[in-house]
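Okay, so chain A shows up in both of these, paired with chain B first and chain C after.
Now for the complex of A and B:
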């Protein structure tokens, strides 16, 4: 049907928005450039080149001696373990909160119309839960995992445990937000059909919502696990176990060849996780 | 066959979306238990909104709806779900979960009876597999029980949707454009299937159809809907070509020169904007 009558297209008014936006972008770019102290000349000045050269030549060859490698075995394993446990805790936090913070689950859309129309108390309660869930998720992810780790090291002592907690909370906040977006993005028609045959919200979730969201759910969770491997290596810098502690020691001793070894191991671990995720995604 | 008991009783039902998008405007309607009714009318006339009111997905902005003597306005929570369980709906398309196996989509008809825990367990190990098989057998595709739903054709998926209604075993079957996405031969097969189910079990049946021919051929009561109101509510022999012409005239407020007016009684499906 003639929904797109040509007469209507021609009349689209000229908007100032693109120019405004372009201007704002340029302003932000140059201001940031200046304030961030970006200065490519440093790379060509003798002082900068010497420091860079020292760092790079210091890295080669990487220290592949059996003694050092065997020293790294435990911290590497610990890093993986921190990332796995941290991600599991993150899913346990992000999944329920993400669910409660899903707009179309909690308050809006066709699945809540009949239930909430003419029921102000119910509506108020639902909104309260919805905002609390979203607020918690924002809180968890607005504090960097590094800061979480710093606080947990104070609270529960040095070692991998604070690292697990830090990743669990910070990543829980990120996962929850993205989960709720994934859940909001599924086709609502099958859900409407399930509701109309008398299913409750949880049944609708397990039969309609989750199966539709599963591929995105799994692939985003695995991606976050990959990030967690990297993050848990860094958390060692504040004493939260893993490879990070070793990186810190080697850097402080100016043993850049050891740093390179650790970076290679980290790279291999991330690549392995990536490979594993691809395999899992292919199975879905 | 047609008892005097009222399945549906609607009084001055009005549904407004947002501030002023009037979908239904003062609908009065009575449907008896076991009755079979076809709804026809142009796209945007309010048929889908009416169905969503009839299956308790939406509530009227004003006016009253009684289902089986029960005032819908008073229903919330568990009672509302109980009321919905007694009403089965077949949609135009997209109403199944594509990634689930057929058996789970069919057994979803049981969700209104199952506890949450039991429904969850059934996803791992299907309860009532026999029931699902029987329902699929009845709609003619028993061999598809363990196929993934998105691997079926459109017509087969519609049969799965009907099998789900069979498992649900409701008192009312609503079908909103159940055949507008399948070819004409299959369309009449599916309509006949719905009618057989209604006839065999005494279920009330309300079907909206794009094809006026199908409505006139298979139903003893045809309701024409236009601009959110009931234009006519008659048996097919009393419906004249002029009435149909007027029903579809200028279908929709926005396009007053559509092709829909030219062949109101043909079997060609009317174009839908949705």
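Now for the complex of A and C:
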């Protein structure tokens, strides 16, 4: 190495990346501008101005009449209930699939190394189950909950039921992924110790694995519940119960003061749930 | 470094913190009891019975629906429509995210405490009440604007903008831009508030004024994280852009809405596959770019 030529060392290889990136970015920008029909002057034309004025003046004051508030009471409760039931179904879906999709539990690691040695058929079977579980989880979470909700509305009818199913499936996929990450992240020493004591697999799971994972488990599930409250509040836009349905109705009837009321209630509800969930998580 | 503070938004999956603490039996029982009570309450209220949920009947209904989805419709016309929708979804998410960055950047510097009224930059200043108070005004205003933008969900923004500017992808862009601006504003603000103070101190010692400190001491520090967060939100936005169409704001969602409403289940499956592919590709691209930046 020639130490007398530092400049040659410092010189980074000329990269095409910045130019390529800038070119692609500009291309995407102009193409997207066209395709997305961006048209800022809508807001300055009389029609847009009128709509804007109507919306802003229509919003105030928010409709706080007792009649409307009592009308909202049930959907607000329903939103919370959908989120709770949905989260529970998500746990019921995510937990078993997450277990099967955990690498160290299904196919590798200390639990299996003795058993799967020299048993290709068995190993293949385990891998098949593992990949099916992972694939299902990925499928569940990559389809947005809105699409699930809309499909379930078609399959089982309007009301809170499709909302529960949609949240259950979409969040089940996410929970399952995180659960398997938690399971993979445990400390393996206790498991080995248990194994050397002669504990069977079930015992290893319940005394070594599960206690380590539990706090993270509960904490993450609660956190998902917060998200489920937000989601279930708007799933009603496609007919799946809760406050969203009421937003949709008020919006379609141009009652913007009602929309504002609902948004305020939504805000309070989400804030309350966040607070509650943070409290519980701090207790864990 | 940006991975150290995990994003806490609903659309990302933060990693578990890996901390465990012993609890007394009573606390655990109390939590368990509360959860069970909650469950019972919601179970009785939601007009759902679990037996009904897991009955043959509902499984059959769902089974019939799933059967109708297959096989996916791969005829040329449908493929073309799905492609068009995919590109439109991409365009919506792209323009929406750009708009969000512009809005967030124009607000966020007022919403960072250490830039606007407290901390190192202002410790030399005489404690005049009114001057400090006058600085609080833009801070509070910026914070509340960001809060309002963030609190209203994208779908509701989309409904509002569909009313204001009519159907099509444009209201989708606006909805994404406005909501994401609130989210990015919060994230950017947090990054700004915990910048490393040493470069700022040394700049101050050389006699740089506040604008110079901002440009040479703060912006270079936060830029990689800003970009990283923006890419994260872009990943999220592509998912949202795919469903905004359900309320009339263009993209794949609009086609999905049509396919579901008209019972074209096989086309629906094609469109869902398109979402899956698009989301996967964008995840990869974004992860690649983030690795380049960080």
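The criterion applied here is as follows: the second predicted complex is superposed on the first by the 225 of 284 C-alpha atoms of A that agree within 3 Å, B and C clash if a C-alpha of one lies under 4 Å from a C-alpha of the other, contacts with A are read in each partner's own complex, and residues count from 1 in each chain.
Please note the rule applied: a contact is a pair of C-beta atoms (placed from the backbone, for glycine too) under 8 Å apart; a residue touches a chain by one contact, two chains touch by 3 or more.
This structure is a prediction, so every number in the text was calculated from the model and none was measured.
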Query = So, A:192: does it touch chain B (first), chain C (second), both, or neither?
reply = first
Request  = Quick one: classify A:202 as touching chain B (first), chain C (second), both or neither.
outcome  = first
Task = Could you say whether A:237 touches chain B, chain C, both of them, or neither, answering first, second, both or neither?
result = second
Message = Quick check for you: in the superposed arrangement, does A:31 touch first (chain B), second (chain C), both or neither?
response = second
Query = Which touches a greater number of chain A residues, chain B or chain C?
reply = C
Message = Output check: A:184 vs chain B and chain C. Expected answer is one of first, second, both, neither. What do you get?
response = neither
Key: Partner chain in contact with A:274 - chain B first, chain C second, else both or neither   = neither
Request  = For A:212, decide between first (touching chain B), second (touching chain C), both and neither.
outcome  = both
Touching both chain B and chain C, residues of chain A = 212, 214
Ask   = Which chain B residues qualify as touching chain A in the complex?
value = 52, 55-59, 73, 76-77, 80-82, 84-89, 91, 94-100, 104, 108-109, 111-114, 116, 119-120, 123, 161, 164-165, 168, 170, 252, 254-255, 258, 271, 273
Task = Give every residue of chain C touching chain A within the complex, in rising order.
result = 8, 10, 13-21, 23, 27, 31, 34, 38-39, 41-43, 45-48, 53, 58, 61-62, 64-65, 87-88, 90-92, 94-95, 98, 151-153, 155-156, 159-160, 163-166, 168-170, 172-173, 239-240, 242-243, 246-247, 250, 253, 256-257, 260, 263, 268, 272, 275-276, 279-280, 292
Note = Touching chain B in the complex, chain A uses residues 1-3, 110, 113-115, 117-119, 122, 187, 189-190, 192-200, 202-203, 206-208, 211-212, 214
Request  = Over in the complex, which chain A residues touch chain C? Could you list them?
outcome  = 17, 28-29, 31-39, 42-43, 48, 51-52, 55, 77-78, 80-82, 84-85, 88, 139, 142-144, 146-147, 150-152, 154-156, 159-161, 164, 174, 177-178, 181-182, 185, 212, 214-216, 218-220, 223, 226-227, 230-231, 233-234, 237-238, 241, 244, 247-248, 251, 254, 259, 263, 266-267, 270, 280, 283-284
